[in-house]
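Presented sequentially are two complexes of subunit A, the first with subunit B as partner and the second with subunit C.
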Partner chain A sequence: MITSRLLDLPLLRRSDALRTFSIAAWLGWQIESNWADPLLFAVYAIARPVASVLILVVMYSVITEGATQEPIFAYIYLGNALYILVSQVITGTSWAVIDDREHYRTMKQLHTSPMDGYAYLMGRGVARLIIGTISVLIVVGVGLIAFDLPLYPLTINWGLFLLSTVLGILSLAAIGIMLGGATMMMARHFWSVGEAVAGSLYLFTGAIFPLDVLPAWIRPLGFVFPVTYWLELARRALLGDNVPRFETLAAFSNGQLLGILVLFTIGLLGLSILFYRWALHQAKERGMIDLETNY
Partner chain B sequence: MRDDAAIVVQDVNRIYKVRGPKRRSDPQEVTALADVNLDVKRGELFGLLGPNGAGKTTLIKILATLLLPSSGTALVDGFDVVKEQKAIRRRISMVSGGETSGYGLLTVEENLWMFARLYGLDNKTAKERIDSMLKLMGLADRRRTKIADLSTGLRQKMNFIRGFISDPSVVFLDEPTLGLDVGAARDVRAFVEEWMDDRPDRTMVLTTHYMAEADELCDRIAIIDRGRIIACDTPENLKRSLKEETVFHLKVAPLGKRPEANEHRIEAVHGVRRVSTTEVNGHTEVTLILETEEALAGVIGHLEARGSNLLSLEKQEPSLEDVFVRMVGRSLSVDTSQRDE
Partner chain C sequence: MYTDNRAQGLTLFWQSIWARAYPRIFGMLRERSWMFFDTFLPLLGTLSYVFVYRAIQAPEEYIGFVVVGGAMTAFWLNMLWSMASQLYWDKDMGNLELYVVSPAPLPAILLGMAIGGLVNTTMRATAIIVVCSLLFAVPYEPGSLILLLMVFIVTMTALYGMGMLFASVFLASGREAWHMANLLQEPIYLASGFFFPVRALGFWFATFASILPLTLGLDAMRQLLFADAVTLRFLPVEVELGLLVVSSVVFISTAMLALAKLEERGRREGRLIERRR
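On to the complex of A and B.
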């Protein structure tokens, strides 16, 4: 096993967090890629995301009477493509708690071992991140071929794109881990709490329409989530001069937005670490760590 | 780290708050542990013996850092179960009997390997231990079988192995033979004994409600009932405490309902210290603890007066079960869990 050798690096042996992260990522991949039927995988990772973007394209075309050459089309299309990562990363990390507790019933075994619980959830999110990334690439590919998206490798600001995307993903993982922590303290759970949060962020973070469209009193919601800044930066990086500038964020330079994104991501990560610790403590106080909902 | 004490439990209480189906009603409190004090020495195989609902699992969970005590302190290997959980988790493992969980899509080998890695074992050591333990437990030919395809008995065995892969310095076994067939249970007990014999500095805490298992395996036993430790000693000493008394096991024709009035019960017969009765298909089994043998005649007279009669009678060396009956006036097999009340 090559993977088993990779996971045996001395660094990983010394650091609980890195070791746990890598093992959890391995485990997550075993679970997520365990598609007995490759067709199912194709539907899940390819057909579903492409279909949902196509629905949007149809709606857009009906409203604008086919103006897919307008800069706003690329803006919306890419926002939606990247948004696939939002629900994948949030559900990937938060779902692991429900999965281990209700399905595999391994909470007891995991939480009596010297693993790092926070790093574990991060790691469990990796598999869905990979699948999400594949979906994004395919959706963007479809956009290039079918709708002539104005993406030109030489003019894309790759550094800005990658950096902001990494930050965006980290902040999504932090949100997912907080949801996971909250799940640990609840006897009941909402099976789709990750999806629900991802769904509501969709409206407030400029994925589909710019924040300007929202009533002024709701806009602050969008400003709170790092996702907003990531989506804006990623689209600026990808589209360069072609990006439409909407009033709410137009006044900010790339550097300013990046600064905000860095600060917010660090803040959210810190908050999620504290919250996770608190939630774990609560769960142990209430005797809920290994609880099964049908108790 | 203390040299001699592997586990120290001081004044530990644990209260569960249980909410009824009605959301608004105040939570009910269930006292699972009350003022528990214990010391387990390094190298000891220590037993927690008590009926269902006594609080055994609760105590083990607290020591294994899965549950916080409501009050009191507990140390494992010198580390505090509230403040130094990580240090404890490096040194312990826990296996629950009847535990058939695991990642069904991983093979036996992968599952064990994963947990070995979580404990920080390097690949080589992990592989060696997995190999030897699979052989020892008769699972070697299933190493590449997915967990989902194992029978529950084999899954339980695999989980048992998982508990020993990291060579823990303190092992918690919660009813390790629960639900196993006779042969598998024997394998588990043999393994436990051998493992402890080979490693004089390792400590094990085992809970059970099978008194024979506790008697056979444990160096010392704490008898626990309704959250309280009511006795703690070696099996020999516990049984010796009954030496001045006489223990009889009777089989009698069905006794029917326990009489309402105290003076009509067997306990009222002169010279009877304790009685426990259990209905077994078609007859009643009675454990009698008498001050002297002479009291037996009175009991037989009493039974006849109640329309029952003696089917068989045995005078026995006291067992731990008898010790329990003597102390709480109830058989070990009575479920005292408050869950369903």
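On to the complex of A and C.
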């Protein structure tokens, strides 16, 4: 009912890509949320991220004897909370390919229908983005109530936060689509690709510790991922004067960081369109588009 | 006649264990690239937590705690994804049907899965410990190595016993199995103290979390590997070892009962190998 009304909107009727995107987003939500009753689903959406941040809280508290008022605590806490979006968007988009090919076995039907494959994958990532956003809000809420995070609505630079987050999510979606494209051409190890990339970004982008802690020879890796700039900007926007400045990124102004993030986002989106088209062509040529590996 | 049947049954049981363990042990050698992912993924998380401790200037033994905990995540993940979820995957792929119609007993198949998983995960966990220990110069001060080996073996027996029990539970829960396995990662890392001494959670929470074999196993192994860990212990090693022996017996016997019940119900209702998407 809702979907048919949505599809009747003039904007959607005119655009194949938007129509595909909307239907894919609705489909993704159905797949992600219909396996359990809403209460169980809510527990599932909350338990993992809250547990993940509590691990860090306990680690921090054991060493500092609970000095949660120190600026580094908020740095670690918010980094981990925002990182939920990174893993959800990247793995969510690439997993859509695995789900359709190996689990539901609908790739043949999908790719013989007149849909926009790129918009479809973007749409499938939306459900995970929604779940991730809810998780982030809950984790931040827990931080505000239980650990007195220094977040004050009047001092938050909302414009910078929203702009950097939109750019960050778009660049993550682009990375996810490239991984989805790579997955279409893979018969082995596709299960681990999204997780490996998300895990690497957790380590190399300073999500839960300042980049300065990494050995000097690894540190430059952090500069080649947009997540580094997004997390830094988001922390600066949220914490204002309370944000600790670490050597590696302290020299960059907000404007410079934003400029770099814009360039990354445009570059990655362009690259993802080209890569997806190439990967789809390759998968079709090699007969792998509807491959069921049971691997 | 009775003795002959019993001997045949034992031979079949043994052969089934070996047949199921074989692909897990030797498959790893045939598909070596799996080793990379199975070592690399837990390594990433472990390294991140090491750097968090470095960022907050924690004493060096905490780096060791994380390394040992990180290696143990490989066993937890193996138990969860290759043991607890396995019968569900097998049902999805049609293998469970073959198991059920073959004369191989299901408990033997689960035991083979556990032994195979344990062997190949030990290799991965060793790789994680070696890499991290070399990277961060972890200051080990081992106590009794025999006791350490005993704690490890009993912890693994209890853990894989739990995996056998979970296999029946996950099989019965259908497609929610996937989400249950997902749910049992970070919350378990937190409850069992994979990356910090479990004592930090308080006595009663740690007592409750002791139902998970790795809670006690990790605490005991840390005490035996790091001299300073004794001051951060939850319970003395001997007590933890005793509790782990009890856990092993409880988990394995409950797993056998659950499997027999599931098989009986599945055969009666004809739904054991029913596939739903």
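We adopt the following convention: the second predicted complex is superposed on the first by the 286 of 295 C-alpha atoms of A that agree within 3 Å, B and C clash if a C-alpha of one lies under 4 Å from a C-alpha of the other, contacts with A are read in each partner's own complex, and residues count from 1 in each chain.
The rule is short, and it goes like this: a residue touches a chain if its C-beta (ideal position, glycine included) is under 8 Å from a C-beta of that chain, and two chains touch if they have at least 3 such contacts.
None of the values given here were measured: they were computed from a predicted structure.
By the touch criterion defined above, A:Ser61 lies against subunit C but remains apart from subunit B after alignment on the C-alpha atoms of chain A.
When the two complexes are overlaid on their common chain A, residue A:Arg13 makes contact with subunit B while staying clear of subunit C.
Legend: residue contacts after superposition of the two complexes on their common chain; A:Tyr104 is shown touching both subunit B and subunit C.
Applying the stated contact rule after C-alpha superposition, one finds that A:Ile72 touches subunit C and leaves subunit B untouched.
When the two structures are aligned on the shared chain, A:Ala196 is found in touch with subunit C, with no touch to subunit B. In the superposition on chain A, A:Phe209 makes contact with subunit C only, while subunit B stays out of contact range.
In the three-chain superposition model, subunit A touches both subunit B and subunit C at residues 104. Against subunit A, the residues of subunit C that register as touching in their complex are 31, 33-34, 37, 40-41, 44-45, 47-49, 51-59, 62, 93, 175-176, 179, 182-183, 185-187, 189-190, 194-197, 200-201, 277. Those residues of subunit A that touch subunit C in the shared complex are 35-36, 43-44, 47-49, 51-52, 54-56, 58-64, 72, 76, 103-104, 188-189, 192, 195-196, 199-200, 202-203, 207-210, 213-214, 294. Partner subunit A is touched in their complex by these residues of subunit B: 16-17, 61, 64-68, 86, 89-90, 92-94, 96, 99, 101-106, 110, 113-115, 117-120, 122-123, 159, 162, 166.
Taken in their complex, subunit A has these residues touching subunit B: 4-5, 7-8, 13, 16, 19-20, 23, 26-27, 30-31, 34, 104-106, 108-115, 281, 284-287, 289-290.
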